[in-house]
Structures are given as structure tokens and as C-alpha cells.
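Letters A, B, C, D and E mark the chains as written, and numbering starts fresh at 1 in each.
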């Protein structure tokens, strides 16, 4: 459940703009990394002090400042003051229980979204909040923990491949968003494989608890939709914005990543439907198996109960029981057994139970 | 059910604008408390007479007049006459069965919303109607009972922390709404924890009645959605209103609280989905357990019924029963028992019942 | 079912504007009652002839003409001709299978809505169609049967209480609509109480047939939604209309009754959800009880079936059965009984069936 | 299933505008009937040749040309060429798998809709496609088979009753649409009666297969919604069109038939809900009955299984069984029987199974 | 599951515009076929080199260039460069996991849609991505594998039938889209037949696994809706576009194919509803059959268990058992048997179990 509602109770009642970190503290040290590039030049380093990055604000080259560890209120506050970020936005950056959204200001855009990764050990999706502050020549990204899905973007910047070196900070923002959305599909593939193996397993009956597996997967789906769903509206706003921070020539890329996202959301919906079908199938299968169990019991019981009764009769100790003295009595009883059993079998055949 | 429909039958047929208190009478004495502040000055007191607060209307300092106990028609009526509040609005204030809404007038805004708290004893959500009348320099809040979620706001006013002392009555209104919405998350956390413990309990079978617990939680969800849902539209109207009563600079705060609310409503939807999943899981588990019960019964019965029949045969008292005289007869019967039981077990193994 | 589709087959194929009464004929005699008032003057009478009311059309005082019994085509037709009502509207008035709607003409507004009352004997909702024709100085209301929810309005007119005497025919129309909508809540309270007692009853198992009760309540809900639902759009149109027949100053009252209606519809939705939850609960309870029944059967059967078999063995009449001659044979058998029973009980304990 | 998808595979790949009859061929001979009227004059005849009707195009009197049998490609093609109907429209006329729609051209309107009738023998709804081509002074209607719901309209034309003789071809079109929509209610009444009798039957258990009946009725509902649903949008377009082919004065009639249709669609929705409720009721009833069956079995079995075991004990043939020699042994056994049975009965009473 | 999410993980992190083939590689060799026509002239050939088709770009005759095999990045890239297609579009062409969409550029339109065929061996729907690039005098179509639904269009071009030879590249594009949409109905017919035979089979109980069949069909429906659904919006955009690439006179054909598509989507919805009804029916049938099994078991068991007990009593070996010595004892026991059995039968008759 903590996945659905982060403990925000400690925030209740505080004045707005108070920076309180909400969420899991995933690492101890805040790590700042900078990539500053312009044409052929690339300057990459990890400053220890946040003040080191301040000059990048006014420098014409494109700078990507990445902050790992948003729990360090001090660093965030200093950055915010220098880069003139609204206190409410700083509050949102450190509160990792945000829903995806876009906020436009005169000098920068603020975008929150969720980076999803597949945790193979726990067999579930992990979400991490990524905040992007896009200015004219800089992009600041905030994450909770080290380790992200941006490595390919870094490689492209280092290699100078593609248009990334010459397309400004808005293209860089697009590249990061695109990496995140591409990763959604990797997560969806993992879930799809889980569903597929579940489907195969359902017909074998042995194996783990399929009910629980279906329930867990449904939870993941609800979680995914909650994390990804609102991003649709956000990206739609972004690729239609007339804010000069997003260059006309880069708008087609934003449209492209929006398209991918819509496709991802449709896959989620399809998988949810498949999962519901799977659950219906499982419930029906359970009913069907119970039916079979019952039939076996009923067939055995209804054949043997009457003939056991007949045997019981001739086990009675009455002094006067003429049949007991008949020569063929014993044979006759066997005949009765046979007739009863045969009649029952015919009856079951007719009802198509056999 | 009285939670869903308050007894408004006593109101039916009365002319509009007639003040009739609808709802539970939660306390006997009406309590008025006033906080009047401007820059460094703070004047806080609890007048016994409603007339005492009348001069605050025209005074330039920001005044917060809080009324606990809306059943006192006389006080409400006097306030209404002096502060020029429309009779239909007064009627809405005393009728605690309102849905959240915003009404705009030339001189004031009227906002109704529900303050939710978690009642740990009853294990359910408690709602109390809060009415806010926002004028140029004053804010009047109406509640049913003493005790509210506004204590942190009062502390901020007393401490003079943050911007609250200098931001006018519309910021104060925002602070109260924000407190209420923040509290929704605390209520949601409680519900989330209940769902989580229910989930854990479901696999143990022992424990309380999970069906009833699921049903109760679903009721709470329906109740929550009914109380909170319409507020979305209301806050949306409020943060987009062009009414001069809401200052341009404070609009961003209204947008922020609207965002929180939307997030809260999404959490409700997610929890509802989780709860539905839980119920499906429970029903399936019940089916699965019944299936297991049936299998045990069927295995035991179908093994023993036939061999009991065999034993019954040789308990018959026919004079002519050659087997009874055979030396190995008794051993043979044991062999028959063994063969039947083994055949059954093999059959069950093949059907994967064992 | 006749509640959902009134026999309109007798109408099929007739030219439009043909007056045919559709619905139940609830009384024999058509009754006309008139309240004509202006300031302090009130003239109330029940004319025998419809022609008596004709002069009221052009008289400046506000006149309320109420017709009980819409099956009397002749009266309706005469009224229609004199008051210049469109033939299609007259057709709608006598056809009591209308859905709530508003039609605007130059000289009058036509509004159909449903008056609901709770029939305690049948335990169901009764609907009656009310048509209102609102002109500049008159309001004509059409009902099927005598007896309505307008008594409080009549009392207010007689007493001259509130603003009703001086606010024109549109305020009168509002007062009637408000009476009808207020009555919806009384009906909802009755339904709410039924649901509540059903809930209590569900856990006792004894009592009447809860399935049928749930089904009946669901039917009432479908019926209510069908009767009330379209009124939402109708009242929304009405309070936003710019038709001069609705005075600017009275518009706020129409907004108020619209608000009440929306609230009522939300209550219906909540009750429907509660009812669905109740049905799920009932189905789950049935499953759970069956499970318990099965467990009892299984425990008893699986303990006794094996030991009865053991008893059966030693009831066999083989000549050579060494155990029968053992001294401790009988004790040994009791020991076997005990061991089997104990083993079974341990097994059930482990499976948490006990 | 052919009701949901007509075999249109033979059309796939043909160039657009190719006339291919899709649907059931319901009669052999194409029948043309003409009603040509103007004020007092009415000229009604059934020409053998389609060329006979050509002059009606340019004649000022209102002409209604009705074609029974759309499979006759030749006739349709000739008509189309003379009346200047677009080839795609001709294609739609002969393809009876159209969904209701309106297409506007400069000289004519094209409207497709479904005429529904209740087939009492098959107990299901029959649909027939009706195409209307509305020109300035003519209306051409196309049907598949002879026999329709237009007889009352023909009678009104013949009798000269109402306004039909003097209101032009658009009023005639309205009259036909109105007849069709009125007939929807007759179909709905039949379905309503079926549902009602099903409901009564459900509590008797005997009778036909209620499951199948519910399933069939649901199919009819899906079919009805598919046939009628899209007409809503179509009629909405039609009564709001500014096309001069629909006279201003006749627009109110189109609004009226639109209203009727909306009402009909709401009835369908209500009946669908009622049907779902009925199905839930049936499933619950089945569960409840199974529960009762199980209880009877369990009570009988759990009383007799233990006492049969006791009887089995004393049927054993051990040499040393002291109880067998007791004087009161037999009475003691009966006492044991009684105690066991009584204990069981008390247990069942406590669990409320009796 | 690979049907719902194609392995796009290999694409994650690459710069946009990188051509990576996503999807199944269906054939080895890329095949180019050209149809170049203008009035009476038709030039049809299959060039080995992609460069051969370059001159067609600027030639005034209509050219249809069809590419089978989109995995050949080289060919796509060369074409793209010459025909000035945007790199993101080229990326979409080779990534066969696109959802249907339309993108408009100054010189060409790009349309992706899914060609569906029914695979009778696998009993499922097969989808293949078709990309269309529509320029002023050319149309380039991209497919994954040889073999398509365009044969009738080719025949029409060869035969010069209809308007295809003289209506430009936009009409050609329409003809291809129309072929694809017509084929959707063939696929739907196959699914409809499967559903119909399933329905018939459901009442026979024997036969294959209907549960699995329902589940499979539901999957197909989810798949279909995912493939076809977004095309609705796409075609709607296309037939309303004001792009000069689509000629005014051909717009009516685009409207026509849009209509067909909407009809197809409605059929999918109806079939989904039918399928859900079928599943409900199946679950209810299972419940009903279990009920019958239980009744048979209960009737047999409850008749024989008591009388077997009676027989057991008189099989006891007490020395003092007076009944055993009675003359009529044996007859009396038979009478008891009869009375018990008759009483049970009467009880079952009353409960309507027999």
C-alpha cells in the first residue's frame, strides 16, 4: 500500500513552500553530475559543491545538471535560489509523491514524471520520481537514487552522435523523456511475459498460486496506470505548448514521444483486459474442476451406497430370514449388486457424466 | 445509511431561505472565535456575543471569524444580516447535507467543503461540513462541532511564520482548504493501512470476517468519493475564477491545492481498484478452499466406500458362502482392499488431485 | 415492467397532435382548482367548467390553474385552444409516458417532470407525471390523480408567507419544482432505510428472502434514475435560459433547485454502489456458508468412514480370522479407531478447518 | 450471428459504387407503389415499370415512391440515374448491412434506418433496412420485403386526415420515421413482457431454461441497441440541419420524433439493467439452492454416519466383547444413538441450519 | 503476449531517427513492385534496384510503389532520402509496433494501419503493418511480407475498370484503405462463426474446452480492438483534412470508408457483448449442472443412509435383542425401510428436487 500513498502526513499543516522530503531515502550522499557541451566541446564532471554549477545558468552552452538524492533539502534550496525556481516547485521536487505534471513559468518549465524499472528480484515495478527544470540553456534533473535509464543519452552526448550536441536544452529534455518512455515498454514486456507464463501455468493446475499471481499483476497494472496515466495529458500539453523554451523544430520529437506514450497506455489497457480474462478463466476452471470432483464422488457414492445397503440387509441376525437359507441366495445377492450398479451406470451415461 | 442521506424531510415544503438545521447536533453551545491580524499585530479572542464581531467587517485588517455549532439559527441569522449574506446561502450553511460547491457574489465567495477525520474507535471516516464565506478583509468559517484540522494554521498565524500574516483573507482561505485537503491524505493512509492488513490476513483464513471488512472499506470508499469528488470541480472553478476576491499572486496556491486534491482522488480510485481486486481474490480463495475440502472428502469417500462394501459382503449371513470357508479367504479380502485402494490412489494421482 | 414501458402501442401510427391518453386512468372526474393572487388578494376556487378559467390568461394577477385528471381529452383540448398551446405539447400532456424535458415557446415554457411518492404498502416508488405550462401571468399544472406534494406551497400562498405572493408565476413554478425535488429526498430516505435494514438482516440469515429484496431495491434504483436522471439536463437548461419568462431575480432559485437535484442524483448513485456491495457481500456469504457446511460434512465423514470400515472388517464371517480370537482384539480395534480419528483431527487442525 | 455481421465478404475488393445486394433476399418480385397527392387530389397505383415514375421527379405535387425488394439491381440503378442519386448511395441502398446514418446532398437527403418488428413465432426481433431519399417534391423509400409499418400513414394520406396532404415531402418523411420509431416501442413492450414473465418464472424453478431465456433476451438487447443506437445521432443531425429540404415549420416534428427515440433508448438501457439484475438473481438463487441441498445432505449424513458406526461396532464378531453380554447392552446402544442424534440436532439448530 | 507488445527493448535509448526493424522478419528478400499508370497506359514491373523507382517522384503519371519487407533498412533509407521523407517517419515504417496514425507534412501524408487476415490453421487473427506515403503523383506502400489484400485493386488498375485509372494517387490510397477495411469484415465474419458454433456447443457439454475457446476469442477481440480502434480517429482526421493532397472530389470516398470502419468497430463491440453473455451463460450452466449432480447424490445418500443404519442395527450381535426373535421381525424391518424411503421421496417431491 505504501506504493499508492506515500506518508505525506508529516507534511500536513506546514506552510506551503516548506521543503520536506516525502518518500524513501534511497541513498545517503547527494551526488551532482554535470555535462556541459556546445558543438564539439564536452565538459563532464561531478562537483562536490552545488555552488560550482551556478555559473552554468548564464553560460550560452547547453548544461545538464543531474542531482541524485532529493532528500538533501539544503542543496535543493541553494539551487532553487540561484536558478530562481518558485518555492512551491522546490517543494514538489523533494516530495516524491507527485503525479506527473507540467508547470510553465516565464523562465523555465517544470516537469515531473516517473521513471519505471523492473525489479526482477521482487518481481514488481519500481518507480522513481524524476523532476526536470528546463531553462534556456540548462536542464536540471532531480532523482531520488543513483542509477537511471539515461545512460544511452549520456553515451550519445559523449559520442556526439545524432543531433543531440547541437539541439539545445529542450532537445536534451526530450531525449531524457524519450528514454523514460522507452523504458516503460521494457517494463511492459516483463509484465507481458509474466502474464504469458501465467496463462500457460493455469492449465496445469500444479505450480504456484495463480490467484495470488493474478492479483499481484493486477496491482502492478493499477500502479502502472497511476504512474503513467497522467503523463498523457502532461506530454500533450508539452508538445502543444507555445512556450519559446521548446523550439519549433524540436516539437516533432515531443509529438513522437507523446505517440509512444499513448501506445504504451493502450498496451496497459490491453494487458488489463487480458488479465481480467485470465481471472475469469481461472474462476471458471475452478468451478469446472469442482464439478468434476463432485461427479466422481457422486458416481462412486451412488453406485456403492445402495449395494452396501443390500449387503447390510443380509448381515442382519434375524432368526427368520428365508433368503439366507436359499441355495442360490448368495448368487442372487451378487445379481442384485450387478443390476443396481449397471442401472446406475446407464443413468450416468445418459446424463453424460461418464 | 444516514451517512448517505441526511434527514432533510423536515425541510420539504418550506419556503426557500428558511433556516432549518439539518444534520446531527454535535454540541450545545455555539462558540465564536476570532483572529484579527495585520502585520505584527494579532488579536485573538472568543466573544460571547455575535454582535462583538460586527465591526470586523469594515476594518482593514484580516479577520478570521470561526463559528463552532451551526445549529444556532439565531447567531447565523444575525451574522448573515450584518455581513449581507444571501438567505439561500445561510440556508446552505445550516443544512449540513450540502455537496461541495462554490458560489460567487459581488462582495463575497461562498465555499462548502467536507472536513474528513479518521475515527479510530469506529474504524471509519467522519465528515464535518465546513462553510467558508470569503470577503475582502474577512473570512467566516462555519463548522458543526468544536475540534478541527486548522490548528497548524492557527499556530502559523500566532507565530507569524511564512507569508500568512501579510497575504490577506484569500490566502487564509487557501490555508484552511489546504489543511482540509492535506487531512484527506491522512484519512487515505489509514484506509490504505487497513487494506494492507486485510490483504495479509486474507491468506491466513483465521482472523475476523474479511468479507465484512471488505464491504465496510468499500462503503468508506463510496462515502469518500461522494464527499471529495465534487470538490474537484469546485476547486477548479476557484483557481480559475477572475473574481478580484482572489488575488493574482495567491492563485498559484489555489492551483497547488487543486493538484493535491486531484492526486487524492486518484489515490481513492486506485484504492477502490485494489479493493475490488481483493474481493475477487477472496471469492476465488473461497472457491479454491471449497475445492480442496471437496477433494479430501471425495478421496476418502471413494477409497473407503467400495472396500466397506466388500467388508459388508462378507458380513452377510448366507448359509452358502463358499469364500467364508476358504483358508485364504480372509487374506484374499485384504488383498482386494489393497487393490481397490491402490487403484483409487493411482486414479487420483493421474487427475492431479494428490 | 409496465413501470418501464407504458402501453403506447395504441398511439402508434396516429397523426402527431392527436390527443390520446397513455397511462393508468387514476380517477374518473377531472378536477380544476384555481388560485389567483396579487399582493394581499387571494381568490381560491374549484370551477366546474373549464371555460371559467379562460379570463385568467389576460389578467395581470398571478393565476395557478391545477388540473387533476389528464385523461379528459375534451378539457385539455379546450384549455389548449384558449391558451394557444401547441398541439404536440397537448399530446405530451395527456401521454404520461414522457421523459422529463423543457420546451421553450415565445409565450410559454413547457416542462414535464415526475412527482415521486413512496408507497409504503407496496414498498415501492410511485411516479406521477406533472406538466407545467408557464405563461407570463399564469401557471397551469397537469397531474394524473388528486393528491400531490404541493400542499405546503398552497399553504404558503394562503398564508402569504415568504416572497411567494409577490414574485410572479415563474417563482410559483420554482416553488412547485422545489416541492417535487424535496420529495425525491423523502423517497430516497425510505430506500436508504430499506437498504440499512437489509444490511443488518444479511448477517442473521433468518428473515425474508434477501436476494429478492436486493433485486427489488435495484429495480427501484433503475426506476428512480430513469425518472429523475433526465431532469438534470432539463433544470440545467431552465436555470440558464435567457427566456424573459424566467425573471433575472428568480434565477438564483432555479440554480438552487438544480443543486438539490444534482445532490439527489449523487445519492442515487451512492445507494446503487452500496446495493451492489451488498449483493457481492450476500453472494460471498452464501459461498462462505456453503464452505462451512461442506467442512462439517467432510470432517464427520472422513473421520467415521474409515473407522466404520474397520468395524465392517471385523463383522465379516470368515472362519479363519485370527484377530477375532485374540484376547485383546476388541481393545486393539478401539485403539485403531482412536488412532484414525486422532490422525484425522490433527490433519484438519493443520489445514485450519477446525 | 448472421444478425450481427451480414455476409459482406462478397463485396470486398470491388470498386466503390458497384451495386451488390448484401443481405437476405426476401422476395422474388420487386414491387413499386406510388402515392402522388396535392391538396384534394390523390393518385395511388403500382406501376410495373420503373420508368413510369420518372415524371414524378419534376412534378410539383408530393410523390411517395415505395420500392419493395432492393435486390433488383436493375431497378435501383435506373431510378438512381434518373433521380441523380450518387453511386455510393445506391450502393448503400442495396447493401442492407448499413448502420443508421444521414447524408446530405444539394438536391436530396439520404437517410437509412432500421424498421423493427416483433416475430412472435421465433420470439425475436426482426430488422429490415429502410432507405429514404428525400427530394424537393418526392420521397423514395426502399425496403427489402413487402409488408411494413407504414399502413397508418397510407390511411392518413388516403383519408386526407391531419396535415399530411398539405405539408410536403419532408413531413411525409417525418411521418414514416415516426411510424418506425413508434414501432420500436411495440417491440420494447414485447420484450418487457418477456422479461416480466421470466421474473415470475424464476421463483418457481420449474418451467423452461431461464438461463437460456436470459441469454436470448440479452442478445435481443444488444441487437436492438446496435440497430437503434446510431439513429440517435442521425435524428439529432436531421432536426438541427439547416438544409432547405426540411421546412422550418416541420422542424418541431423532427424534434418530437427525436425525443421519442431518446426515450426508447433509455427504455432499452433500463431493460438491460433489469435483465442484468435478473441474471444476478438467478445465479444467486442457484447458489442458494445448492446451499440448501448441501445442508440436507450434511444433516442426514452427519446424524447417521456416527450411529451407523456404533451399530457397526456391535456387529463385530470378536469373541471377547463384554458389552454384547450385558443385559442392558442393547438398550444402552439405543441410548447412545439417541444422544448422538440429539447432540447433532442441537449443533445444527445453533448454526441455524434447521 | 508478443502480439500485444513487440520487443521494442532493443530500440530503447537509441537516438530518434535511428532505423531499427522491430517485429518479426517474415521474408528474406525485399521485393519492390511498381504500377505506373496514366489514362490508358499501364506500366507494371518489379525492379531489382530501388534506384529504378527514383524518377517516378517527379513524373506526372500516378505511380504505386509497393515494398514487401521493411526489415531492409538500406532500401528504406535510400527511398526516404530521395523522396524526402522525415527520419522519424522512416523509423516508424520499419518499427512494426506502431498504432494506426496519420501525420501530415507539406509534401506528403503518412498513414500507418493494420492489415488483418484470418489464419485458419492457428484459428486466430494475423496483423501486418501497412505504411502508406501519399505524395502528389505517387503512393508508396510498405508491408512486412509478400501477400496482401490488395489483389482486387491491382486487378482494377490492370483492367482499367471504374474510376481508378483517372483519379490520382489519393484515390489509389483510398482504394487500398478500403480493401483493408473490407477485409476487417471478413475477419469479423470468421470470428462471428466461431462464436456461433461455440454457442451451439455450449448446450451439449461434450466437445472441446469451451472455457478456453471463450478466452481465446476474447483475446482476439481485445487484439482486434487494439489494432482497429485508433484507426477511427485516424480516418476521421483524414476525411476532414484540408490538405490539398486529398482532392475535394475524392473526399466522399474517404467518408465512405470511415463509415465502414465505424460499422466494423460497432460489430466488434456487439461481438464482445455477445461473448460476455456467452461466458456468463457458461458459468451459470456449470453452476446449474453442479446443482444437479449434488441433488442426485443427496437424494441417493439421504434415502440409503438411514435404512443402511437400520440394517446395521439388526446386524449387531447383542445377546439380548428381542426383535431378532420375533416372527415378523424381518418383515417389520422391510416395512421400516419402505416407510423411510417413501418419506424421503415425499420430502424431495415437495422441495421440487424430483
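Structural remarks
In this text, a contact is a pair of C-beta atoms (placed from the backbone, for glycine too) under 8 Å apart; a residue touches a chain by one contact, two chains touch by 3 or more.
Because the structure is a prediction, the values reported are computed rather than measured.
Chains touching both chain B and chain D: C. The distance from the centre of chain C to the centre of chain E, with each centre set as the mean of the Cα atoms, comes to 42 Å. With centres defined as mean CA coordinates, chain E is found 26 Å away from chain D.
Of all residues in chain B, those that touch two or more other chains are 283, 287, 290, 294, 297, 301, 305, 308, 312, 315-317, 321. Chain contacts in this assembly form a single closed ring in which each chain touches exactly two others. Across the complex, chain B meets chain C through its residues 1-2, 4-5, 7-9, 11-18, 86, 88, 97-99, 101, 205-206, 211-212, 215, 218-219, 222-223, 226, 230, 279, 282-283, 286-287, 289-290, 292-294, 296-297, 300-301, 304-305, 307-308, 311-312, 314-317, 321, 323-325, 327, 329-330, 333. Remark: chain E residues 149, 151-153, 156, 161-164, 175, 178-179, 182-183, 185-186, 188-189, 192-193, 195-196, 203, 252-253, 256, 259, 262-263, 266-267, 270-271, 273-274, 277-278, 280-281, 283-285, 287-288, 290-291, 294-295, 297-298, 301-302, 305-306, 308-309, 312-313, 315-321, 351-353 touch chain D in the complex.
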